[in-house]
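Here chain A shows up in two complexes: once beside chain B, once beside chain C.
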Partner chain A sequence: MVRLQESFIFVDLEAQDSDEVIAALAGSLFEAGSVAEGYGKAAIERERIHATGLPTRPFPIAFPHADSEGVHQSALAVAIHKTPVVFRNMADPDEELAVELVIMLANKSPEEQIETLRSLAELFGDPDKLSELRYLKREAKIVEWLKRELAL
Partner chain B sequence: MAKTVIVSCGTAIATSTVAAKAIEEACKAAGIDVVTKQCKAAEIKNFVDGADLIVTTSQVRFDPGIPVINGLAFLTGIGKDKVIEEIIATLKG
Partner chain C sequence: MSKLIVVACGAGINTSTIAEDLIRERMEGEGLDVEVKRVLIADIDKYIGRMDLVVCMMKIYREFDVPQLKGMPFLIGTKAEKQVLLDEIVELIKD
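On to the complex of A and B.
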């Protein structure tokens, strides 16, 4: 079971850098009790060592996450940026990507979440779906859309 | 004998799980007996012995002595079929 609710969705988020985005997303998960307080910090540190930016089409995305330690309950949080925020490319950390959409993953058990992970990978690989999600604009719609597309 | 593929990503929690599953399925369809081992990028060294191939989404900063294929396509969907072909060709080779 992967938790997803309106308080985990940030539409038109204004953030200076990837740290701010990750902190906002992790903060919403912490407030709902899904992760421990240190999860955001762990994800920010992890992002520095192993970037999670992906050169997807039609725009780059990122999916920050940390170890399952500190995750009480698997959850997804989403940020759609007002203006793109720089994340580094997972495959080439020297490359900066102007990321428009961030999906944070709090994963309690990778094996149990395999279907959700695969649905996410399918979504990342589908330019039409990413565009659709990008322009939904309302938290409730985004929750509903993701629950349907990811079969949550 | 089964081929061993090391599948690695940053934390071995998301990316490598998706990639490992896709590799297992593609190999099965191609009639290749395969075992995947998931690990963090930093742990690759400990798994190289006896392995045939590394599929990773991050960079390998040493010479592992076996082929390395970038597995980012399993997440972005871009060029995924080509990467699967490359994996199968390498394992058959």
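On to the complex of A and C.
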């Protein structure tokens, strides 16, 4: 079971850098009790060593996360940026990507959530779907759309 | 002894799980006796000599004596691109 609710969705988020985005997303998960307080810090540190930016089409996204340690309950949080934020490319950390959409997955156990992960990979590989999500603009709509598309 | 496909990743639990699962499902569908294993790049030396194919989820600056494929399409490729990559894996592992 992956938790997703309106308080985990950030529309037109204004952030200086990837640290701020990750902190905002993890903060919302912490407030709802889904992760421990240190989850955001762990995800920020992990992002420095193992970047999670992806050169998806039509715009790049990022997929920050930390280890399952500190995850009380699996959850998804989403940020749509007012202006793009730089994340480094997972496959090639020397490359910077102007990321418009961030999906943070707090994963209690990856094996248990393989279906969610697969649905996410289908979403990442579908430019039309990513555009649709990008321009939904309202938190409630985004929650509803993601629950349907990811079969949460 | 069954063949071994290693999915090499920097650290990712999430991303490499997607690739591992898609590959394993296809191998089962083909009726091939293949083990699929997620391995940290730092630990890959343990599998040299034992592995038959490496799928890399990130750029790695090494070469092995077995075929090496880029696994990123499993994460961000279209359905068709995922299919092409799975077809390629089947061809390579059958050899």
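The rule we apply is simple: the second predicted complex is superposed on the first by the 152 of 152 C-alpha atoms of A that agree within 3 Å, B and C clash if a C-alpha of one lies under 4 Å from a C-alpha of the other, contacts with A are read in each partner's own complex, and residues count from 1 in each chain.
Everything that follows uses one rule, which is that a contact is a pair of C-beta atoms (placed from the backbone, for glycine too) under 8 Å apart; a residue touches a chain by one contact, two chains touch by 3 or more.
Bear in mind that the values here come from a model prediction, so they are computed numbers and not experimental data.
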Which of chain B and chain C A:118 touches, first, second, both or neither: both
Partner chain in contact with A:151 - chain B first, chain C second, else both or neither: neither
Contact residues common to both interfaces of chain A (with chain B and with chain C): 46, 49-50, 52, 54-57, 63, 65, 67-68, 90-93, 105, 107, 110-111, 114, 117-118, 120-122, 124-126
Residues of chain A that touch chain B when the two form their complex: 46, 49-50, 52, 54-57, 63, 65-68, 90-93, 105, 107, 110-111, 113-114, 117-118, 120-122, 124-126
List of chain B residues in touch with chain A within their complex: 9-15, 17-18, 21, 41, 57-59, 70, 72, 74-78, 80
Residue numbers on chain A that touch chain C, as the complex places them: 46, 49-50, 52, 54-57, 63, 65, 67-68, 90-93, 105, 107, 110-111, 114, 117-118, 120-122, 124-126
Interfacial residue positions of chain C with respect to chain A in the complex: 10-15, 17-18, 21-22, 57-59, 70, 72-79, 81-82
